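Handing you this structure, nothing more for now.
Think of it as A, B, C and D in the order they're written, each chain with its own count starting at 1.
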C-alpha cells in the first residue's frame, strides 16, 4: 500500500492546465455540495459494488475501496467528506489520501462529475419530496379533522374581497382538502419523474467499460436507468417539474395564509392566532403580529425566486447549463427546508386557531350575502324569471342600505314596492318563505349538492378526502419501504465484498 | 312572447348601482372572451338541457331557449355572440333580445359568471392541450424517423460549450425523444387536472336549486365535477400546472433551437437550415437568418412571461384573483397558439435539415473528444489506475496542442514519454489498441450500454420511443373519441328538448 | 418614371433565397409594427431629408421620395402603410409601388431593419413615457389636494396587517406623494436613456456612405446619436430600464389599490368606492365589486409579465436577441396602455372616494394603537426606562383585552398594579398626562417632526410635494416643446426639399 | 448600576404574549442580520448621540451607553453582537447584559425595529453599490485599454447568430464601454435613491419625543431624511430600483460572457481563455472548460432570482411586506457578493484573453460580411439604386456559394452576368473599386462616422469613454470622502459625550 499522501485533486495535480485556478472559482468544487454529500457517498458505494461485481476492477481493489468508504462512514459522512475537499470527488480524495492513488484512483472509472451531480441531485430531491409529501398528509389530516368539528360555523364567502354567499368554515377548509390533494398528485408525479437513474451515463455518452446501469440504479433505489445517456446528464426538466410543483404548493400555502391574515385583522375579528405563532413589537407594546402567517405568505416569494433560478439556469444550448444548475439546486434546497417548516407549523396552527363564531355569523347574516337566495325564492315562489328577480333584489339591497336596514328587516311590502317601481308582477311569498330566504344559515344548509356547504354534505366530502389521504399515505409508506430495501441491499452488497 | 327588445345587460339595467361604469372598465365583459365563446355556448346549452331535464325550468322555456341557441349557432357562434356584447353573458343577451326577458332571463338560473369563467377556461385549455399533444407526437415521430437514418453521423457532444465525447446525431436526437416523451406525460397530467367540471358551483357555494352537476359535467365532456364548490370557482392551481408544463416544453423547444443555432453558424458549419425557414436582410445581401430557430428560441420568452402572469395573478386571499386571472388566460391562449406553430414547424424542419457529415466527423475526430477512451485503454491495457491514466492523457493533450499535433498523430512513444515525466509505469499498448482508442467513431460505436450512442443501441432505443409514442397517440385518439361522444350527446339532448 | 408595379418585398423579389418563407414566419414583417408605424414614417422622412441634404442621393430622387411620403401622410399613415405590407419597410413598399423601384429603391441607402427597429422603438417608448409622466403628475396633484382636506381624518396605520400607530388619511396620502415623485424621477431617467438616436448605425457598424447622424437625430427629436454603432442596434438595456421603472410604478399602483381594497371591505368599512368604479354580479344581487381596484392591482401582473419578457428577450450572445425583442415590445406597449388607463382612473378615484371618518376614528382610538405613547408618557413622566415602560404597557394591554376594556377605560391604578406585579417603581401620571397619552388623535397630532402626521406638518410637506410636482410639470412642458420644435423642423426641411 | 443580568429579549421577558414563540420562527431575530450588524451598530451610536445631544435622555445614560458601545466595538462588532442574540436589538441586549436594564433599556427610545431595518438595509446597500461602482470603473478601464491596442484586429459582427458586417475587436469592446457607462449611471441613480434616512420614522409615524432626524441622518452619511415617516419604513421602491439596476448589469455581464463563450469554442477558434479561468474534467482529460464565463453567465440567473424576490416581497397592502423583505435582502446581498467577484475577474480576464487575429480576419474576409459594401459600390459607381444593388449582390452570393467561390474570387464579369439575368443595367466598376468593396478590412476602416469601427474613430470614442470614466471615478472618490467625514463626525461626537 502507498503511504498516505496529501492529494490536491485532479485539476491541481494534473497536466492539462498550466495555472492554478483563480481561488474564487474553486468554490463549485465544494461549497455547494453540503446537501448532497450523503447521496454522493451512496453513489460511491454503489458504483464500486457494481464495478467489482462486473469485474471491471479487481476484487482486492473493490474490497479496499469499500472498506475505506465504510471507515469514512464511521467517521461521519459529512465531516469526513468536508475534510476531504467536500465536493463531488470527496470519496476519491478520501481514499487517495488514506489508501494511496493506486486504490483511490480507481473509483472514478467509467464515471464523471456529471453523473455524480445528477445522481446526487435526484437522490436529494427524492428525499426532500418524500418529506414534503409526508408533512402534506399531516396538514390534510389536520384540515379534515378541524373541518369535521366546524361544519356549523357560519361564514360569508368572498369574491373580489366582498361578501359573496354564506358558507361554513368547514366548507372553506374542505376546499383546502381538495387543493392539497392535488398538490400531492403533482408532487408525486414530480417524484416519479425524478427517481430515474443517470448513473452510468458518465459525462454524456456512457462508458466503453461495460457498466451495469440497472444494478447501480437498483442499489440506489431508482425506479430504472434513464433511457438516453445524453439526456441523463444534460436534460433537467424533471427538476423544473419539481420546482413548478413546489411553486404551486407555496402559492397555495400563501393563499391560505392570506385568508387567515384578513380574518385575524382587528377589523375582521373572525379568529385569533395563538401566541406561539405571534411576535410583538420593540416599540408598539400592543402588537400581536402573526409571524407564522407572514412566513407562510413569504414561502411563495422563496418559491418564485427558486422557480426563476431553476428555469433561467437551463437557457442556452445543450450542455451550457451545468454550472448555473448549481444555483438552482441551492435555491431549491432552501425552498424545501422552508416548505417543511411551514407545513409543520400548519399542522399545529390549523387545529389551534380560535374561531369567533358569533362575529362570523354576524358577518354572514347582516351584510346581504343571502341576496342570491332571496332572488331564488322570488323565482320559485314569486313567479319571476331569474334576471327579473335578481334585478329586484339589487334595487331592494340598495334601498335598504340607504335606509340603514338589515336583511332581517326586509318585509314583503318592501319587496312588492320595489317590484312595482320596476313594473314587475311578483307573487307574494309566505312569511316562512321570506324568513327562509333571508336566513344565511339556512341558505348554506340548503346547499346539499356535490361539494356544497350543507353540514351533512361536507361530512360526506370530508370522509372521501380522509379516505384519499389515507390511500396516499399507504402509497408513501410502500415507497419508503422500497427505498429501505434498496438501502439495505447496498449495505449487504458492500459488506459482502468487504468480507470476501 | 315579449317584443324583442334592446337589452343593455344586468348592470346597466339593474338597480344595484347608481352610476354607469367607467367605459374602460367595461372591457372585461367582452374583450377577453373571444377564445372562449364556443365553450360558453356549449355551457349555455348544457345548462339549459340540465335545467329542463331536472324540471328547474318549465319545458316550454327550455325549448324556447334551446331553439334560440340553435338559431344563434346557425348565425355563427362567434359572430352572433360578439354582436350580443360578446362576453360571458352573450347567450342571455341574445335570448333576451330575440325572445324577451321572460325567456332570456331564465338562462342564468343557478349559475354565475364564476362558473361560466371556469367552465370555459377549462374547455379551452383542454382543447389547446389536446392540440399541443397531437402536434408533439408528430414531432416525436419526425425525431425518431430522422434519427433512424442518422445513426452513423458522427458528432462531438458538448459540455460547458466545449467538446466532450464523440456521439452521433441520432443519439442526440434520441435525447429529444426522451425529453418530449416526458413533456407528453406532464401535459397529459395537466389535461387530467384541467378536465374537471366547475359547472354548478355557481359563484362559490353552489345553488339552492337542485342542479345536477354530474349531468352538466357529462354533457360538456368533463371527467367529473370538482368536489368542492368554493374550490371549483376560486382555486386555479390546475391552470398553473398547465402553464408550468407549457413553460417546460417551451424551454425544451428553445434548447433544441439553440443547438441548431450553434451548428448553423458559419464557424460550426455543421448543418444548413432550408431557405423556407430563413430570411435575408434589408441591407446585408449575404444574409440567411434562420428565423425559425429564433422563433423557437423566443417561445420560452413567451412562456416565461405567461408563467409569470399565471402565478402572479393568484396572489392574495381567496377570491381576490378573479380579474387578474383573465390576464393570465390571455397570455396562455397566446402561448398555446405560438407553441402550436413552433411544433408544426419542427415537424417540417427536423427531417429537412441538411447535415454536413464530413465536417461533423472532422470535429469529432480531430479535437480530442476521444481523450476519455485513450485513458480507458491505458487502464484496460496499460495497467494504470483511472486517475493516473486520466492525468497522463491530460498532459499528452496539452503537449500535442502546443506542438500542433492532431489525435491521429499520437504515438506510443509519446505516451510513454509523458508517463516517464510523471513517474508512471505504463504497459505498451498494441498499435491496434492505440488506433481503436484514438478513433472517435469507434469510441461512439463501442458504447452499447443502455442509452448509449452505438448505432445498434440507438436503433433499439428508438424502437421503444416510437412504440411509446404510438401508445400515447392511441390514448389521445380515445380521449378525443370520448369528447366526441359527449358533444354528440349534448346535440342529441338539446334537439330532443327542442323537438318535444 | 417606371409604371407603378406590384412590389413583393426584397426577400420574395430577391435572389438570395430559393424558397418562399413559411407563411407563419412572415408576421414579423408586419403584425407587430402597428404601434410603430408613425415613428417609422418620421424616420423615413428624416432619413431622406438627410440623404438629400448630404448629397448622398440626387435632389430629384429626394424630392420625389419626400413628395411620395407626404402623399402617404395624406392618405393616413397607418392605413397607407398597412396597405403596403405594414412593416418596417412599408415606406419602401409604398414608394416602389407608387413611383417605381428606381425611386423607392433608394430610400434604404445606408440604413437597415435594425436601425429602423431601434429608432421606432425609442420614439414610441419616448412618447409613451411622456404620456405616463403627464398622467402621473395629475395623480400627484389629486393626491396632494385630497390630502390637504383630510389632514384631520384619523386612522390607524398598519404593519404586519395589524394596527400600528395612529395617523391621518392625509399622512397616508402624503406617503404616496413621495412614492410617485420617485416614480417620476425613475421614469424621467428612463426617458433620458431612451432618447438617444441609433439612426445611422445601420445593421451594426454604420455605413460607408457619409451619413450625418447628428442631423437625423435632431430631426427626430433625439438628444444625440448613440456613441457606438454596434451598441446602438444590439444593446437594449435602456428598454430594460423602462420596463423596470414601469414595473416599480405598477407595484406602487397595486399597493395603493390593496390599501383601498382592505378599507373597502365590509369588515373594515373605512371608505366607499363610487359606483362608477364598481360592478355587480350576475347572480349575487347585493354585490358592489370595486373593479377599478382589481384593475389597478392587476397592473403589476401585466408589468411583471412584461418585465420578464423584456429581460428574457436579451439572453444569449450579442445579436441573438433581435426577434425576441419584438415580443418584449408588444408586452411593453400593452403595459403602457394599461398603465395610462389606471393613472387616469386614479385621478378620478382618489378625490371621489367617500371616507367614513367616524369608523376610522373608532378604529384608531379603541384598539390600542396609542400604546406606544402610553409607554412614552411612562418614560417622560413616570420615570421608567423605555424598555420597562414598553413591557408594562404590553402587560396592561393583555390584561385589558382579557377583561374586555378599551383604552379609554385604563386607570392610573391599573397601571400601578401592573408595575407592582412586574416589580417596577413608576411615578403616578397626572390624569391629564394619562388622557393625553391615551388619545390616539392627540398622539398623531403631537408628531410634528419631519414627515410626521401632525396636520400642520402634513401641510408643510404637501406644499413641498406640490411645488416639486409643478417643477416636474414645467420640465415636461419644456421637453414636449423641444420635441415639437424638432417635429416642425422635419416638416419644414421636407417641405423645402419638395418645393426646391 | 444593576448587576449584569441574563436578558432574554423583550418578547420573552414581556407581558404581551403568553406562550414562547415557536423556535423556528425566532430566526428572523438573528439569522438574517449578519450583513447588517455593522450598520446596526452605527445607528445605535448615532441614535444615542442624538438622544443625548437633544436632551431626550440624560447625559449620564448617554455616556454609559456610548461607552458600552465602544467597548462592544473593541470586542469586535460582529462577534459581540452575535453573542448578544445577533439581531436588530443586539445593542440593547449587549448593554442590558453588561450595564443593566436601566441603561440598556433606554437605547430604543423613539425607535423601532422598522427604522433599524430600514437604516441598516440602506447603509449596506449603499456600501455594496459603492463597491460595485468602483469595480465597474476598473472594468471600464480594462476595456478601454484593451480596445486601444486591438483597433486593427478585424472581426465579423453578428446578428441572428450569422455574420453581419466586418468590424474590429476594439469596436466590439467600445460597445461595452457604452454599456457599462450606462450601468454606472443607473447604479449611481439607485445609490442616490438609497441614501436617504428613515431614522426617526420609528415604526410608521415617527415619535412624540422630539427626535432630530437631520442630525441622525448626517451622522450616518445619508443625504437627508426621507420626507414622510410612513414612506420611510413601509415603502421599498428604492431597493427595487437597486435590484433592477443590478439585474441589468448582470444581464450585460452575461451577454459579454456569451460572446466569449462562442468565440472560445473549438468551432470558432477566435480566442483562448487563460488556464487560471478554466477547469478540466474528472473524466474527459482534454477538457478546458472556461468556468469564469459560466460564472459570468450565471450571474444573470442569480440576479433574476433576486429581482423576482425583491418584487414579489412587496405584494399586498402597505405594511404587509416587512418579513418577506428580509428574503429579498438576503438574495440581494448574495447577488452583490457574486457581482463583485465577477467584475474583479473581468478586470483580469479582458486584458489577458489571447486573440487569434488570423482566424478572426479569415472569418471576416471569407464569408461575405463585405456584401453590404459591394452593393454600396454598385450604387456609388455602378449606377444602381440601392435595392437593385442589394438584390444583385444577394444573387451573386448565392451563386458563389453554390460554386464554392470566396468573395476574393468575384469578378466584374460575374457581377455583370447576374445583372443581365435580373435585367439590370450596371456600370462596370474599376478593378480598384471592386477590390476595395471586397475587402472586409477596408470596409471596416472606411466607417469613420460617429461610433463606427474605423481605427481612428474608435480612438476618439475610447478617449471620450476614458474621460467619462475618470469623471465618474472622481465623483465616486468625493462621495466616499463625504461618507468618511460623516463617519469621523460620528466617532467624534460619541467620543465627546463619553469624555464629557
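Quick note on the criterion: a residue touches a chain if its C-beta (ideal position, glycine included) is under 8 Å from a C-beta of that chain, and two chains touch if they have at least 3 such contacts.
If you're wondering where the values come from, they're calculated on a predicted model, not measured in any experiment.
Student: Residue numbers at the chain A-chain D interface: does the shared fraction exceed half, giving same, or fall under half, giving different?
Tutor: same
Student: Pick out whichever of the two, B-C or C-D, is joined by more C-beta pairs in contact.
Tutor: C-D
Student: Using Cα averages as centroids, what's the distance between chain C and chain D in whole Å?
Tutor: 23
Student: Provide the C-alpha centroid distance between chain B and chain C, rounded to the nearest whole angstrom.
Tutor: Computed value for the inter-centroid distance: 34 Å.
Student: Spell out, as numbers or ranges, the residues of chain B touching 2 or more other chains.
Tutor: Residues 10, 14, 16-18, 108, 159-161, 164-165, 202-203, 258, 261-262, 280-288, 291, 294, 300, 304, 315-316, 320, 322-323, 372, 390-392, 394, 396-397 of chain B each touch two or more of the other chains.
Student: Taking the complex as given, what residues does chain C use to touch chain A?
Tutor: Answer in residue numbers: 159-165, 261-262, 264-269, 280-291, 294, 315-316, 363, 367-369, 371-372, 374-375, 390-394, 396-397.
Student: For chain C, which residues are in contact with chain D within the complex?
Tutor: Contacts found on chain C: 10, 13-18, 92, 96, 101-109, 114, 157-161, 164-167, 171-172, 174-175, 177-179, 182-183, 185-186, 189, 193, 200-211, 213-214, 225-235, 237-238, 240-241, 244-245, 247-248, 251-252, 254-255, 258-259, 261-262, 300, 304, 307, 311, 314-320, 322-323, 372-373, 376, 379-380, 385-388, 390-392, 394-398, 418, 422, 443-444, 446-447, 449-453, 461, 464-465.
Student: Enumerate the contact residues on chain C facing chain B in the complex.
Tutor: Chain C residues touching chain B: 10-11, 14, 16-22, 24-25, 28, 88-89, 108, 111-113, 202-203, 258, 261, 274-288, 291-292, 294-295, 297-298, 300-302, 304-306, 308-309, 312-313, 316, 320, 322-324, 327-328, 331, 341, 344-345, 348.
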